[in-house]
Structure formats: structure tokens, C-alpha cells
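Two complexes follow with chain A in common, the first pairing it with chain B and the second with chain C.
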Partner chain A sequence: MNFFMLVVKQLSKIYPSAKRWAYRFHGGVFPRYNKSLSASQPIRPQLIPEKLILPLQQQVGLPACPIVQVGDKVKKNQLLAKPSKDPQKALSVPIHAPTSGTIIAIEEATLAHPSGLEGVCIILQPDGANQAIENALEVDGSLPKTPVELKSVLLKSGIVGMGGAGFPTYAKLPNERGRIHTLLINGAECEPFITCDDLLMQTQAEAIIKGALLTAEALGAERIICGIETNKPAAIQAMKKAAASTSVEIKEVATVYPMGGQKQLTLELTGIETPHDSHAVDIGLLMMNVATLTAIYRAVSLGDPLTSRLVTVSGLGLEKPFNMDVMIGTPFNSLAQAAKPKVKLDYPLVMGGPMMGFQVKSNEVPVLKTTNCVLANPPEPVDMQMPCIRCGECMDVCPVNLLPQQMYWYSQAHEFDKVEKLQVFDCIECGCCSYVCPSHIPLVQYYRHAKSEIKAIHAEEKAVELAKQRHEFKLARIEREKQEREARLKAKKEAVKQAAAKTEDSSEKTPAKKAAGAAAAARAAAAKRAMQKGNKPSSGSDKAMPSARLKAIEAAKKAAQNSELEAGSTASMKSSTGDAKSKARQAAQKAAQKRAQKVKAQSEPANKDAKTNLKSESSSPTKEPSAEAISLDLTQTSEATTASKKEAARKAAMQAARAAAKKRKVSSSDHQVSSDKPSGERSDNQTHQQDENSDKRQKAMEAARKRAKQRQAEKNQAADNQENT
Partner chain B sequence: MIEAILIFLALAVLFGLLLGYASIRFKVEGNPEAEQIDKILPQTQCGQCGYPGCKPYAEAVANREADINQCIPGGNEVMIKISEITGLEPKAMDEAAAEPKEKEVAFINEDLCIGCVLCIKECPVDAILGATKMMHTVIEKECTGCELCVPVCPVDCIDMIPPKVTPNDWKWPEPNFLNEDDR
Partner chain C sequence: MSQSILSSSPYTHNNQSVRKVMLQVQIAALPALIAHIYLFGFGIAIQWMLAVATALVVEYVMLKLRGRPVLPFISDMSALITITGLVFCIPPEAPWWVIVTGSAFALTFGKHLYGGLGYNPFNPAMLGYAFLLISFPVQMTQWALPIEYTGEALNLLQSAQVIFTGQIPGLSMDMYTGATPLNEVRNGLSQGLSVQDTLNNSALSSLWGLSSWGWINVAFLLGGVWMIYSGVISWQYPVGFLGSLAAISLLFNQIDPATYPPVDFVLLTGGTMLAAFFIITDPVTASTTPRGKLIYACGIGILVYVIRNWGAFPDGIAFAILLMNIAVPLIDQYTQPRVFGHNR
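Moving on to the complex of A and B:
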């Protein structure tokens, strides 16, 4: 193997691509590393800045929810913001105070994000005392036995993946023990300039190994493999020493960019290529950065939350680059100033390395949990972008085997569906293609743009689908409400009619006193029928629905019996009438409501038939008394027959009811919300009838005289119906 | 000669039967064109096309009752897609609608809202929350930006504003070709 390496090294002088034989994944580039700038310096003591800026959202997912207020004094490791919502469902991690001090503001500040947008941050003014809460996470020092135990500690400690992606670590772990068979440790820090992981491995190898062991123990992983690039000999030595008596394997991997990429290092260490639409966890692998493992060790054994991290402050524009255990929230500028910039820092600093990092909008942005490097490279003249010459260099260096020039071509033409088909979402944005492009095309920028456009398109599609669903639901709801309203109206009609029938029945016993009421009820029923008639004039189809008719009659009889009992038992006649009436009405209403659905389903004429028959059935025995009542009320009538009188009254009531119905329709369409409507409308209806009774009656008499013969005919028909039933 | 005629006759009958059977067996229910058009419409349900929602418009276009250039929120893009589906000639949009507008969502000035519920009734996607004499508010992510609620407000407290960009939905800008001033 070493001989092979030697050959490769010699051969690469005349054939540079020979270097690629030394590792397993495709492509990769060999930039100038510039790591000695900061790697040669010892780790500097922690710097306490004037203020710490702690963004509530430092990772993918949802922002945390602050639990402190402006003016609060806090100690180091104190919880400042708790995860919002259920952290098992939505990714969210807590934030702890990196040092003791006072909360001076909770306000919007520029985020260390390529967008340069502002986000809500907790501003902490350190008091310099650095008073800490020991064991803030309240751990008892025992090692977690199951992934769930480990996850709860990780969630409380606010640990996120510290290699750069910033995915909350607790969310990365599976819940079941044994799903992970191999734990991979990422010590391949491949970006130029960055040396924080290198120095971490040199100085805290023990902690890394312990963190890895306890994680593997909790997850039930059998193997632990650590990959370190060959350009970190000191780190390899330290790690090998720390891992000597443990099961951790230390593997040297070739120095190539992007060896530190998760999928690349996985392939290099295990020979397994992660399938395009699955995560490493799905194939039993879990990779963690050395810094993450240190944080896990500190959280589990010491109870320290994640409040600081090793950060490289480097760049060609700094005189004294260094590494430092930096508090989360330290502004970039104060770090850069501590490294003695060669010229005034009037250019934007870069978060991350030169390949994947981005320029920050303001140099006052804070260090995040994912910040591994603050880079100060003075601006260089940018090479002019030239048209693509289709040389294919980018394709040769792409570590994920994509077709960069095709993707570029389509993104430029805004044919995003085609870009997506070329698997742009597998692009790790490593920047190799841009690095080698002879036309200096910022390829990665095109892919990032395409990715965000595609995401927006998908979001839009979802929104459109949602809007459609909601619109259709609204239409359905309106339709349903309409039907319900109709059903209610119908039920109410039934109820009134039933009440009328009952009152007439009960009025047999107390004809004189109940006559007026019965007449009114009869009129109401007539009105109902008339309304129906007005809607659909078809009186011929009487025998159409005998079953409905029978049921209606039966219900009416039952209700009538009830009311009879009531009437009989009550002493005072007046009150008994009222009681019987109301009780009967209630019973009738219930029956009607029960029947309402059936009625709804049945056709309009059938409905009407039922009513007509019910009417005639129930009214026929009470013909005499009700007629008497009317004659009592209207003393001037002598020539008209009792039946025609009744018919006339009905006609009049019908008109009144029509008016009332119209009114009600208007009002019901105005107030759609009325669960109490039936009762309200019932009383409404009755008052209407009573109000209009007197003049309606007079009108009715006239009408009756005019149409006496007509009525007679109708009466005959009604009698026929009765016989039929 | 006779054989040939017979053979071809037999073939004709056979294929005729086949086709007849297929037309019954694989009959397409409804109008698939309307479905297709409905799919590409922006579903704002704004009614600017003169139809009470996107689906009625899609059906009208499919039945050749409506022009293909009536969808204002969709703009030229949707018009061209409809013309591709229907095979009709692309028709110019009104100049105001030719360029698709930036997405906006309704925002209720909660200090001014009198709780009249007029906007709630108007909203095609039930994105407005509120009750009588109570302050209303818009669920931003449900709002389609149809602007139907704006004219009905008696106190003009509804504004259309572009939704706020967060780091989560921020888009990387497109690099300009052959530019130097970008950095």
C-alpha cells in the first residue's frame, strides 16, 4: 500500500490525475491548503467579547423560544431559549448562555447566513466573571444505555452537527438500539485554511474517543472507524494514542477535497456508497464530526451544554491567525481584530472555508454552533466569467458523479425541471466544479439558485393543492349549510303542522275554549300546505306515498293522545290548553325532526301528500268544533258553510304564512348561524299568525264567499283522500 | 379476388368491432382537458376570469366557452400552457396581466378592523379568521393573494403585502452572466 502511494506520488508529477487513484470516490480537487497559517499556532485562551449575539435559530428547523427577559442576569450554561413546539416533530434546539452576564436586548440582528437577513437574537452582555452553573444538564455521570436516553441528553444540551450542516444531533440518531452498526468519526477536515478539528484532535483526543465510545455504546454500534486525512500527522498520532486500548480504528485517508464530505468519507472508510434518496442512518451508518463527539462527551459526563466551540480565525489578511475555543455568539469582527488584520477590515469576512463558505453581510454577525472558521481573505480581482466551452473538467472533478455542465446549461435557461432530473439535490455544493472551471463560471451559485427555485416551485405546488382543497371544502360547506337550513325549515313546518293537528284533537274535549287556538293551528297547517302548493302545484298525486302518509298520521295520533291525557288531567281549562298545546307541539316537533331526514329524501309531492292527508285526517273529526269556533269569532257569517269557512281561513293563513316565510328566508340567509333557529322561528311564526289573524279572517271571509264552490270541490277531494287512507 | 375482398371485409369488421368495444370499455368519464387545465391554474380562486373559481374556468375553457387568456394571476405562462393543452392559438393577455405579479398576501390592519366578517365570507380558501365584532386576521400561509377581500372591507383595513422572507425560504440569487459588478 505504501509502495503504491509512493508510485502515485511520483507519477502525479507527470500525470496529476494519478493522485485520484489513492482514494475511492470520484473526482475531487487538490487546492492549496494554507493550513499551516493557523495550525502552527497554539490554541488561544477564550476571549470574552463586549456582547454576545445569540440567534434563536442556528440550525435547520424552527427557531427556539426565549425564556429570559431583557434585564435578566444569567449565568454561564443557563438555559436562555427552549425548543419551540415538540422537538421530536419539528427540529428545534435550546440555547444556553455561553457566559454570565445580563440580557440587554432581544431584537433583530443580521444573521450569519448567506441571505444576510435579520433574525431575532438574544443579546447578552458578559460581566466578565464567567460564573457558571455546574452540571447544568443535571446528568448523574452514568452513561446512557439506550439511544433514547442519549437523545434526551443531546436535546437538552442543544448539540447540533458541528461539521457545518448543523442538523440537530438528537434528530439524527435512530430510536432503536442496534440500527447503527458502524459509527464513523469525521476527522477529515478538507477545507483549506481550517484547522480547528485538527487542533481539537491533537488536544482533546481523549474526549473525542470517549464521546465516540459512549455514543456507540448507547446505539449498540459494533465498529467505530475514524478517518483522518494524511496531512494531519500530529492529529493522527494523538488519536492513535488515545484509541490504543479501545475498539476505535484510526484510518488515514488521502488528502483531497472534499474528503470531509459525509458521503465521500463514508465511501472511503466503508466502501459503501450512500444511495441517493436515503440517509446514512438508513444503511446502518452514522457519521459524527470530532467536535460533535467532544460536545457529546462534555454533555453526557459533565453536564455542560454546547456554549462554545473551537473556531479557526485565519486568512491571508490576518497577521496572527489562531484557533480559539470561542463562545457561541461572539461577533466575527472581534475575533478578526484579535488576529491583527494586516489592513483595515473593510471587506466582508467569510464564514466557513474558501470553497464552501459565504461572505457575511456584516462583520458583526455572531459565531454559530456551526461556524468552524472565520476567514479574512482580502478581495481578489474576480476573473471574468466566460461562456462555457464544454471542456468537461467539472464533470471529472464532481465527487457525486453529477453532470455539472448540463445542470449549468439548464439552470441558466431556467429549465428547472430538467435540472432536477439531473439530481441537482444530490449536489453537495462542494465547489470543485467552480474551482476547476476554466471559464470561471460560478457553477455552484447556479445550482444553489436552481435548488432554491425548485424548492419554491414545489412549495408553490403544495400551496396550490392546499388552496384547491380549501376552496372545494368551502364550497362543500356552503352547500351543506344550505341543505341543513332547508332541512331545518322542513322540520319546523312539520312541527307546526303536528301541533296544529294535536290542538285540534284536544279541542274536541273543550271545544269552546280551544276552538280559537285550534283554528289558528289549523290555519298554520293550511299555510304550510299552501306554501307547498305554491311551490309545486300538484294535488292529484295523493296516493303516491301512502307509507309517509301513514307514518305522519300515526305520529299525529300519538301526539294527540298525549295531549288528550294532558288536557284531561289539568284542572284549569285555559292553562291545560296551553300546556297541551306546547307539549303536543314539542312532541310533534320531535317526531317531525326524526322524520325530517326521511322527508328530505322524499320527493316534494310526496311530502305534500303526507301533509295534506294528515291535515284532512286530523281535521275531519274536529270539523264541527273548529267551525263553531270560527262562527263564534266571526259572527256575521251565516250563509257560508262551516267547511268553506274553514277553507277560507286556511287560505288567509296561507297568505300570512307566505309573507312570514319570505321574511324568514331573508332573515335566515342573513344569519347563517342559528342553532336556536327552529324554536325562535316557531314562535315567530305563531306570533305572525296571531297578529294577522283578525284582518286575515275578514279577508278570508270575502275570499271564501268568492271561492266557496272551489273550496267545496277541494273539500270533496280531501274527503276522498281520507277515504283512501 | 373474392378471397381478398373477403379477407379485407373480415378485417374491417374485426377492427370495427374492436374499436367499438374499446370506445365503450375505455370510455373516458368527464372532460380530461378540464382536469388538465385546472391543474395548471394557480388556484387563487380569485374570480378575475369571470368564473367563480379556477375549476369553473377550466371547464369553460375545455368547453370552448371562455378565452384562454382570462387567468390574470397566471399570466402569460399559464395562458401558453393552456394553449398547449387545448391546441388553441395563444392569445395576448391584457398588458396589465402579461407580467406575473410578485406573490402578495392579504394583511389586516388589526387596529382598524371592526369585525364585520365581510372578508371572511369573501375569502375563497377560508384563510381569514375572526368572528362578529372581533378582530380578524389572515392565515398567511393559506392566503392565495386573490385580493377578493380587499374591496369588501368597509374600513379599508386590508392591504396586500409581499410575504416576509425568512432564511428558510430565502432564494439564492441567480448569478448574472458575464458580470463583474456582482461582487
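Moving on to the complex of A and C:
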């Protein structure tokens, strides 16, 4: 204790508030500790209860899986339940038998939980012999060299944080050596009544220090600092003695609640304020409770799993409070009875201290690995809750420097967004604010409620957000599909343009045909012809309108060459159903429509009929088969060409062919003048010339016809061959 | 008052309660009350009892009307603090209906109509005081003169006679009443007298160099320091208030001593100390954050000085406090402390 502390100590005698100057964090309270009730008693010999209730879940995470049957005889330290899943992914720790005996049931029982949760428990009836398996964890006594080695031992031993939170210790450690630079030992024990850590430090200082050293060694931590509150002089002495020749620093810290809070003690020992959004491990610090370190030491050096722990049984309602190395699973009631209750225990016992503990729903609940205290305080009448007078007492004592009064105000008004903004999630639920509130408002209760409400709201928001995302995704998909369609159309146009450009140069020289292109062209031509003829089916129409067909064929060649792949692939994306027939039908219909338009432009007489016909066809599903039949008949295309891709390609080719034919008509009219016009210009032409040059088109048709006639014979032959295959 | 059993942690309490806090405040006001009786006679005692009676009736009626349990709320003692604050503000020999209407107004309009304890935005005592200042300006300025003028204070019977009948047979009331020092300085200034002249002319400093007004203020200071010591009030309120008041009066006194009274006069006259320790510390209507408390108190200090010197009223405490009450939500919002582990 340095000089400043001495001054503060003297000063606090005349001015109690001076105590606040002796530590670094804000707030804190000085409750009546009542520690001497149990600390003055020696540790009692272990009590073997009539039955042990071993919950499969004693910690944060998932319950363990029992590997014993009802009726099995087990020995002390025998594995009863193994971690349920891959423990690296889901937190889960094994459970071992605290003593020898028989498994009499595996059933649901009330757990030590604020909400009175039920959970599956293994019920063990001790035989009193306490036969043990020595070195149950099969350790060879060598110290773990790496965090991973240490973690495997810790996992096997079922050690969880014994200070209260109960986070599985193996999961707390980082995998890499050297990530932790300072190991902090929590020996503050700031809760009133509880003295188990105090006595543990007095009696097992060696084990604690060794456990700390081996942990630090495995993790590669350079410093070890142990913080003990000044109200435990005996523990400080014992620990100092045990740590004398080691690198462990023993630091006395002021006696104030909640000094034992992880972040508070960290600040006190290292001066580091853990950022609100990170864990201590992230900043190279690891804090362990003295009891946890003892358990680690026993596991690593003796191979003992965690089956018992030091528990304080105390309270104003007990005649003879005590500390005891209690087997995990011992019912609370049997411990309280052993302490001679002053009056019948018809009130709920409290697990933990009076500041942060909770009343158990049944006094038969078992001691867990995290139970440090069984408290029997007869219920006191409490003053009526008054309105908040905004006195600010709560704010003055909050160790997290929150504004409890405002959080309460908004919680009460159900303005949870404001509560969250006031950082309610940083509240450690230490209870200081409720402890001092002159209006006796159960503030912490409001914060717990607000927290759960906010979590629920967020979950809901998430669900809504998800639904919204889904909806947006759907919209986006529709939009994308639309764009794809457009892109496809554009690509086709593009392809057509190119095809047309090439056709101009090479339509005479490259008679090679692609099957799809030819077929498509043939069909397109047939459709056109059919329309021109008033949609009258005609089987022998191949030669009746050869020019159009040839035109189409030629265009299709090029178009197919240029765009088969891309058009095919884009088209196939849509046609995942592989419905070739419908594709063909669609193609035919589209072709027909185009034709119809063209026909109109050409002022052919039959266009009206064709159009109406087609309209009715495309709009009424009942007529579809007939349309199909028509197109198929006309083109003489066998239905054997079923692969959707091919169909799509054909469709694309067909469209290309149509367009190309149209285009060529136009371009061939001014063939001599503008044969090498850039395509951009040409596309302009294309858009412009829709109306203005129906005569041009006719000219082009004629030109194309002439050209086509030249090779009519062989091409017809070839086309027919192709179609018939 | 023993109801439900605590259902969640913490299962322990430091045994503080609203009633205890209020009682501590009341105890802290006792030195000033005794000094007042000694220096000004029993007027204040009669006024105080009148106010308590009024408070009991008003509280009872209002709680009944609001459908609230009467006993716990009437015994929370908050009304007692309100009327104590008010009683010190009115002249000891003022007619009985002044304090009765003032108390009734303060409790009804200052507290109950807003939803009772904890919900009122304005300091009820100051609301009542302001109401009286505006409604009965004459009665509110006729202060009983302290014994240094009159030789001896009125006895209990005489005080009662004055308060209830307005006169004492065979005595001229003018002998016993006069202006407060603040008023005197004000009147002096308006007559062209400098502040020093006014202060020297009147035999204001008598008992060991301090006027009766000064002594009352010292008594309040004593009680206030005790409250800070025992943690009933926060130090920010008096420090901020007195600090800013002292600073601003020092500044102006240096600039022009003839117009602006010296620091000690400012701090020890009128209701300065009463306000510093008993009025602005009313937590319900004050800012709650640590910095907010300071800002709130400083604001009142400056406003008090401004109103005293340039306003229409000799003592600006009531209006300064009410004005700052309005600003409290804003102050609170912008002075939230840094939460542990968060960067500002």
C-alpha cells in the first residue's frame, strides 16, 4: 500500500467518499460485506449428498451427450457425458462423475437458472466409497508447450470459467502462442458474503500460482498480475508467499464493489480500458479466476477433471455458514441444511452473491461448475418503489459510467431505441444503481428487460430486412431478366447487323450452311410464305416462294455463324425447361409476326388475315397446337431436333435470319454506294428506314431474289436435305 | 410501507430512501431557520407552520384527486422541502394568505399537475415564489427589519398578530419593516447614490461585521456544506452557482464599483446561499449529468446577476432558476458522460 492509499484510508475515516479516490474506475459502492460470516470458519470436509444432480449443460453453449446408461456403476472422475458436437465449433464441455456410485436416472430437473429452466440431468447416487480413477485425463505430467496442447487438456477436463460467467475455458484461449501478453488473475471477489476465493487463496496459493505459471507458459504470456482486494489480508499474504520466487505480481486493489468485474479489474491492474467492442483477448489480456487456475493446475499435473469446487454457503439466515469443497451436482438444500438454518428454509436460496446472484426456483437445484455461493438471506421487506427523483445517485455509482436514470426513464417509456443509444448493452448488471436508488427502483430489472426487448426488436428487424432483401432480390431478378432479354435482343440485333454486313460481301462466296441456320431460315421463309398466302398450309411450298427462303437461308448462314454461340447461350439460360416444342412454336410465332409486319409493309393483300390469325393463335392457348402444327408442317422440320440449346440457337438464328434478310434487302439496294459503311451508320439507317423505304425493300427483295435464283437449285437441294434429317 | 419482495438482484440496498434524503435536507436547513428566528423574530416559524398545514391539506386533496396512495407520497417529505424553500423567500411578517396561496400554488401547479414527485419540470418552490412576486409585489417587498435596526425582534404573539391581522395594537409596523439590502442598493442607485454610499450609510453590518442577512446566508452555507459532505447534494451545484456569481460580480465590481456591488455583498445577500444549497439542488428539476450540473448551476449564477443588476426584480433567483429549468433537457442531452470503453 503506497503513501497515497494510506492518505486515502485515513481520509475516508472522516470523509467516506474519499474511498473513491483509491481506484481507477468510476462509481462503485461499498456494501456491507458480511464476509466474516463464512471466512472465519475453516473449510468443512466434503459432504456426500444422497444424490448428485449433474446437468448436461452447466455453461454457455450446448449441453453434453451422456455416454452412460441408467444402472451403470461409475467411479469418481469417470466421463459421464462427452461434448455434444465438434467442441471447436459449438461450445460444449464434458461432465465427469464427482464420486463413485450408480446412475439412477437421466431425466429433466430444475436447473439453477434465473428463469427456473429445466434441463436433462444425470442423477448419480453415491455409494459412499468415493472410489476414484486416478489420472482420469491420462496426462503424463509434462507441461503443455502450446496453447493448443493446453486447450485439449482443458477441454477434456471440462473446465469452465468459475468466476460466474461459465464460459468454457478452452474456448477462451487463443490458438496462437504469444497473442496474450499478460495473464491477469482475478482474486478480487468483491461480492458480499462470498469468501470461497479468499479461502482458496489462503489454502491453495501454490496451486493457483503454478496453474497461472503453466498457463502463461503455454500461451507465451510475459506478465502475470494477480489482483486481490485489500479486505483479504490473509489471502494476500499467502499468495505473496507462494509467488515470492516467481514472476507473478500480487497487487492489492481497493475494496469496492464491483472490483471483480473483468473490465474493472483489468483497468485497475493494467490501466487499460477494454474497448466496448472488443474482448480482453483481442488486446492481449486474459483474465482467469483463482478457482479456474486451480482446476487447470489439477487437470494438467494430476489429470483430475473438474468435479468439485469450493463453495461458500452463507447468509443471514444460517447459523453456521461455511466453505466447502462441494461436489458438482450437490443440491443447494443439502448444503443449506448443513449450515443449520435459523428458520425453516421456506424462502428461495440465492445462487451467487446478493448483488448479482439470482434466486433459484427450487432449493433442490444442484451446484454447478459456476456456483461460487449458496446464499440464504431471509427475505426483507423492501420499501415501496417511488418515482425517480433524478437524484443522480445511480449515475454516481455506475462503474461503466452510464446514465442509469435516463436508461430507466426511456425503458419505462418503452423508447428502446433511446435506451440502446445510452449504451444499455455496456451495462454489466452489477446492481450498483439499484443498490443506491433512494426510490427503490429495481433499475437492473428494467435494463434486463430493455436488453431482451431490444434484442427481440433487432431480431424482428433482421427478419423484416431479410424479407425485404428477398423481395428486392426478386425485383432485381425480374429486372435482370428483363435486361437480359433486352441485352439478348440487342445482341441479336448486333449480330444481325454484323451478319448483314458480312452477307453483303460474302453471301455469294460462302454457301456453306449450318444445319440450324438452314432449318431456321427455311422455317422462317416458310412462315413468311404461309402468311403471304393467307396462312394457308401448303406442303409443297418450298418452291413456291424460293426467293424469300433463299434470302433467309443466306442470312441465316452468317447469322448463325456469328451469333449461334452467344445467342444460343443466352437463350438457353431462359429455356432451362428444355421444352423444345414450345420454343419452336414461339420461334415460329415470332417469325410469323415479323413476317406479317413485313408483309404489311410490302402491301401484300393477305396481311390482315395473317395478322389476325396469328394474334388469335398467340393469344389463345387452345390454338397453339395448330400453330405449332402449321409451323412444323410448313418447315417440314422433324420433331427430332429436341435439344433445347439447339432450339434456342435455331430460334436466334431464325430471328437473325429474318432481320438479316430484311436488312439485306435494304442494303442491297444501295449496295454499290455504301457497301463498306460503318455499322453504326447502318444501324441508323435501319432505324430510319422503317417507313420511308418500303420500295427500297422491294427492290432489295428483288435483288436478293435474283441472287438467290442463281444458286437456287443446289441450295434447295441442300436445304431440303438438311430439313429432312 | 413493506410491500413486495425483491424478485431480482441486487437483493440488498443501502437503505437510503427518498424520505431520508428529504429529511436530511430539512435538517440542513435548521441552522438557517434558527438564525432567522433569532435575527428576525418568530415570523418565519409561524409562516412555516402555516405552510406545513397548507401542504398537508393540498397534498392530501391532490393525491386523492389523482387516485394515488396518500400515505407513502405524503410522507415522502418532498412537499416539506418545497415549502421550506418558499418560506425563506417571503417576508416573515407577510400576511398569512401570502404563504398559504404561495404554498398551494407551488404544490398544485408546480408538482401535482405535472404528475407528482419526479415529473415536474419546474422547481415548485420557485414557481410559487415567482407567482407571489408577480401577484403580491407590495407584500413581498415589506421585509421585517432585523434586530440590529429594531433593537429587539417581535415576539411570537406580536408576529402572529401581524401575520393574521396586519397590525399590532400600539405599535407602528413601519418601525419593524423596511427594504432588504438588495432593494436598498437598488433604490440608492435610482436616487443617484453609489453602491458604496448606500452600503456605508446604512448600518447593515452589525454583528461581528456581518449583517443579519449575511448571517442567514452563512447558516445556509453551513447546512449546505454538511449536505455535500454527507453526499445528499452534489458539489457541482453550489460550486458552479457561487463560482459563476462570484466571478461575474468580481468582474463588474472591478469595472465600476459605484454601480456594481462587491462580491461579498452579492454572495451574502438575498437568497444566494439558499438557492445555492437548497433550491437549485432540487434534483428533479436540475440537470443530472456531472457536467450538466455545472453548466446548469453556472447558468443560474449568471442569470441571477443579470436580473439583480439589470432586471426588474431585486432578487432574480426565482426567474433565473425557472429559466434554467427549461434548458435542462437540452443540457442533459449534450453532456452525457463517456461510457466505459467508448471513445468520445
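One rule holds in what follows: the second predicted complex is superposed on the first by the 450 of 725 C-alpha atoms of A that agree within 3 Å, B and C clash if a C-alpha of one lies under 4 Å from a C-alpha of the other, contacts with A are read in each partner's own complex, and residues count from 1 in each chain.
One rule holds for everything that comes next: a contact is a pair of C-beta atoms (placed from the backbone, for glycine too) under 8 Å apart; a residue touches a chain by one contact, two chains touch by 3 or more.
Just so it is clear, the structure is predicted and the values come from calculations on it, not from any experiment.
**Student:** Who does A:322 touch here: chain B (first), chain C (second), both, or neither?
**Tutor:** Neither chain B nor chain C is touched by A:322.
**Student:** Does chain B (first) or chain C (second) touch A:273, or do both, or does neither?
**Tutor:** So A:273 only meets chain C here.
**Student:** Could you let me know whether more residues of chain A are touched by chain B or by chain C?
**Tutor:** C
**Student:** Of the two partner chains, chain B (first) and chain C (second), which one does A:23 touch, if any: first, second, both, or neither?
**Tutor:** In the superposition, A:23 contacts neither chain B nor chain C.
**Student:** Contacts for A:402 in the overlay, against chain B (first) and chain C (second): which applies, first, second, both or neither?
**Tutor:** So A:402 only meets chain C here.
**Student:** Quick check for you: in the superposed arrangement, does A:412 touch first (chain B), second (chain C), both or neither?
**Tutor:** first
**Student:** Name the contact category of A:474: first (chain B only), second (chain C only), both, or neither.
**Tutor:** first
**Student:** Looking at the overlay, what does A:442 touch: chain B (first), chain C (second), both, or neither?
**Tutor:** After superposing on A, A:442 lies in contact with both chain B and chain C.
**Student:** Where does A:426 make contact in the superposed view: on chain B (first), on chain C (second), on both, or on neither?
**Tutor:** Once the two structures are laid over each other on A, A:426 reaches chain C alone.
**Student:** Once the structures are superposed on A, label A:297 by its partner contacts, choosing first (chain B), second (chain C), both or neither.
**Tutor:** neither
**Student:** Both chain B and chain C contact which residues of chain A?
**Tutor:** Overlap of chain B and chain C footprints on chain A: residues 114, 379, 382, 384, 386, 442, 445, 448.
**Student:** Over in the complex, which chain C residues touch chain A? Could you list them?
**Tutor:** Those in contact with chain A are residues 1-14, 16-18, 20-21, 72-73, 76, 78, 116-119, 229, 231, 234, 283-284, 286, 288-290, 293, 332, 336-343.
**Student:** Once bound in the complex, which stretches of chain A touch chain C?
**Tutor:** It comes out as residues 15-17, 25-26, 29, 31-32, 114, 192, 263, 273-277, 350, 352, 354-359, 375, 377, 379, 381-384, 386-393, 395-396, 399-403, 405-406, 422-423, 426, 429, 431, 434-440, 442, 444-445, 448.
**Student:** Quick check: in the complex, which residue numbers of chain B touch chain A?
**Tutor:** 38, 42-45, 53-54, 124-127, 141-142, 144, 165-167, 169-175, 177-180, 183
**Student:** Given the complex with chain B, which residues does chain A contribute to the contact?
**Tutor:** Touch list, chain A to chain B: 57, 111, 113-115, 117, 119, 379, 382, 384-386, 412, 442, 445-446, 448-449, 451-453, 455-456, 459, 463-468, 470-471, 473-475.
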